[in-house]
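Each in structure tokens, the structures are laid out below.
One chain, subunit A, links the two complexes that follow: it is found with subunit B in the first and with subunit C in the second.
The block that comes next holds the complex of A and B.
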């Protein structure tokens, strides 16, 4: 698969069809892959791909809008591209989509922490992740370490592509069992969990920087007048930041899970974004990123929208 | 908690609900004085961030009122607002904020009585809940 990707990238760059290829390269150690921009044919050799490549590359597209860009795209990446097109951030004909059917990405940070010692090498064999440490060889199940969004992913295959690498995969069952489970708890329990999660936040804004939908030049959290969020680690400030971030994501979040995967403190964020996605699907029959022609969720309305909560 | 008087941030749209409040006043209809009114051009002007910030800064509840669907001065403002409020209310209740801290209503300019009734209802409900403990910034 990696060889096929390199071959396509080499051809595209060599023929001058695109200016850059957005992909992944090996990170600083095993179990990590980071975004990489290949600008020349020589740089293509660095490109790689595996389920440890956790980030959504659509994040970088608006920054390359004057160039022709080839991008490695999973299902969620193509949905993000659709949202960006519908919001006028990028143009479809400047993007060459190298589609990758995806079996899900791994919670690399959590896995690395659970091993607790130096990792020498990692490979994936028959649905198992084989991790070599100096002492032994550990095997863990691939399914156990899947990102939550991927576990219930309905769109693992790219919605559109110019070239597809590999065979299309079968979607896993959709649904939001994680959200439903949280909903069953009583009010105070929910608040306790929410508060505990949010107080882990150190305000590094990795969730914002990695999110394909967070392209605002001036984020509300940086605004000093009005000051929506004050500096410091008061828990209400941390909670406000995450609540408003989720509200800004409503109807735009494509549920790629990047925000949670890149969080250095392991703050759970998907139970918030997935809750909004579930509501929009259930009550408004709206799924983000399926159609680039459709206006954003908050940019349209229907006369028969749900209104029974209003006195 | 008998002498507990909550503060309720009330955001009213200029064309319907604010005029409704005016009518309640000129008609000498009695309603609780716990509401603190902010006038906005349209309920569609209300950013959910306002509500989150108000709650964090310590108001006991928020009540937002606009024109009835179809009556908006700007034709469709309140339809956009309805979607936003739906998502906000559900999200805040999902994370564990008490039900009954955020209220929405449609009140037209001719419904002075209805305005007073809802003000009474909202105040009564918030009094029942008592002072807020969750999501209040300590200063």
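The block that comes next holds the complex of A and C.
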């Protein structure tokens, strides 16, 4: 797979069809594969791909609007591209999509932290992640460390592509059992979980910056006039910030999970974004990022919309 | 050097407690110890550095209350007193760098100073530098005692320690502990050599001068191309201290709040006019690197980085400052 990706990238850059290839390279830490912008044929040799490549690359597209770009895209990446197109942020014909059928990405930070000691080497063998530490070799189940969105992903294959690398995979599917589990709790329990998660936030905004949908030049949280969210760590402000962000994502969030995966404090965010996604699917049969022609969820008014709701 | 068995740490714990709060290393942050056993923490790198104690994420600078036409102001200095136990040399050095900025000259900061003066650093040698550590690059190492008040090393089941500063020596003097034995000191020396050598040292000679000539380099485009522009690297950095000040207003009262800020944020340099002198990520990246490896050494003859590797770990896209430094070093300078 990696060789095929490099071959395609080499050709695209070599023939001048694109200016840059957005892909991944091996990170310097264990269990990490990071975004990489290949600009020359020589740099193509660095490109690689594995389930440890967590960042949704669509996040970078708007900053390359003046270039011809090739991008490595999983199902969720193509959904993000669709949303960005439907919102007028990027143009499809400037983007060359190298489609990658995806088996899900791993909660790399959480896994790294759970090991608690230096990791020397990591590999994936027979559905297991094999982690070598100076003392021992640990094996954990691949499925146990899947990003929650990937665990129940309906769209692991790119929705569109200019070239596809590898064979399409079968969607795991499965709906939103995690959301349903959360909903079973009573109000106090839900509030307790919500407050505990939000209180961990240090306001570094890694969630916002990594999100392909958070492209606003001026985020509401940074606004001083009016000041929607005050500075500091009052829980009202932390909680409002995350809630409003999640609501801004309604019908736009493509459930890639990057926000939660990159959070340095491990704040759980997907139980909120996925609840909104589930409600939209259940109540309006709407799934974000499936059709670039369709107006955004909140940009559309239909006479047959149900009136008995507040999102 | 003194010695106390790890099983009898209560002998020093009481003395530490008499001094004030006792912070110990937990995985995520330094926390107050409730029992002497907690001094035994084996966490080698606390995710949130001790900076969180000296320079909290938020602190009110003053409060104001309005009563008719009268406005009164109140002091709101948050004090802290105690011992940070087990702080590794890299973090202690980082605090010495914060001191340069907050304790002298024009920058003297009463809020920081009030806490700093009452906090004792009981350092412990770092026995487990990890693959992201590059402390030895900056002329010190995992066994450097000079930035602490008391410095210790765990050798087998014994804690060996000694007072470094006057304050530290005073505290040690009153403890009921014995002198370390010759063979223990010998073992310590061997450990020091072995563990210090484990840290991968970077050759950054000449980086300060090189950077001064690279304001217009194309390297900043390249370096910043995968950066997302979040503040994780700066927030978890033990030497980054930038802050923002805003008023939080209520109907008849309010307070002036200082919170952390990050040079990686767009808002950091955004001016009231709407103009932003660092409009793109590449300029912000340039500033961050320049601050640590040029401005800081120019001002204080010290780099503004201690090589702890936290930024590498917390970065959502694993941008590695060591690679960046090497890139800067190898970049040809345009005539």
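As a convention for this text, the second predicted complex is superposed on the first by the 307 of 311 C-alpha atoms of A that agree within 3 Å, B and C clash if a C-alpha of one lies under 4 Å from a C-alpha of the other, contacts with A are read in each partner's own complex, and residues count from 1 in each chain.
Note that in this section contacts are C-beta pairs under 8 Å (C-beta built on N, C-alpha and C of every residue); 3 or more make two chains touch, one makes a residue touch a chain.
Values in this document were obtained by computation on a predicted structure and should not be read as measured data.
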Subunit B and subunit C placed together on subunit A: clash or fit? fit
Could you say whether A:36 touches subunit B, subunit C, both of them, or neither, answering first, second, both or neither?
second
Have a look at where A:160 lands relative to subunit B and subunit C in the superposition and call it first, second, both or neither.
neither
Between subunit B and subunit C, the one with more contact residues on subunit A is chain B
Per the contact definition in the header, classify A:118: touching subunit B only (first), subunit C only (second), both, or neither. second
Superposed angle subunit B/subunit A/subunit C, CA centres, nearest 10 degrees, is 90
- [ ] Examine A:202 and indicate which partner it touches, taking first as subunit B and second as subunit C; both and neither are also allowed.
- [x] second
Legend entry - Touching partner for A:239 - first (subunit B), second (subunit C), both, neither: first
Across the superposed arrangement, the tightest C-alpha approach of subunit B to subunit C, in Å, is 7
The shared contact residues of subunit A with subunit B and subunit C are 230
Touching subunit A in the complex, subunit C uses residues 27-28, 47, 57-58, 128, 130-132, 225-226, 228-232, 235-236, 244, 246, 248, 257, 259-260, 262, 265-267, 312-314, 316-320, 322-323
Note: in the complex, subunit A contacts subunit C through residues 27-30, 32, 34-37, 55, 59-60, 113, 118, 202-206, 208-210, 217, 222, 224, 230-233, 262, 264-265
Within the complex, subunit A is touched by subunit B residues 48-49, 52-53, 56, 69, 76, 79-80, 82-92, 94-99, 103-106, 118, 121, 134-138
Interface with subunit B, subunit A side, in the complex: residues 182-183, 187-195, 220, 226, 228, 230, 234, 236-237, 239-240, 243-244, 246-247, 250, 272, 275-276, 279-280, 283-284, 297-298, 301-303, 305-307, 309-311
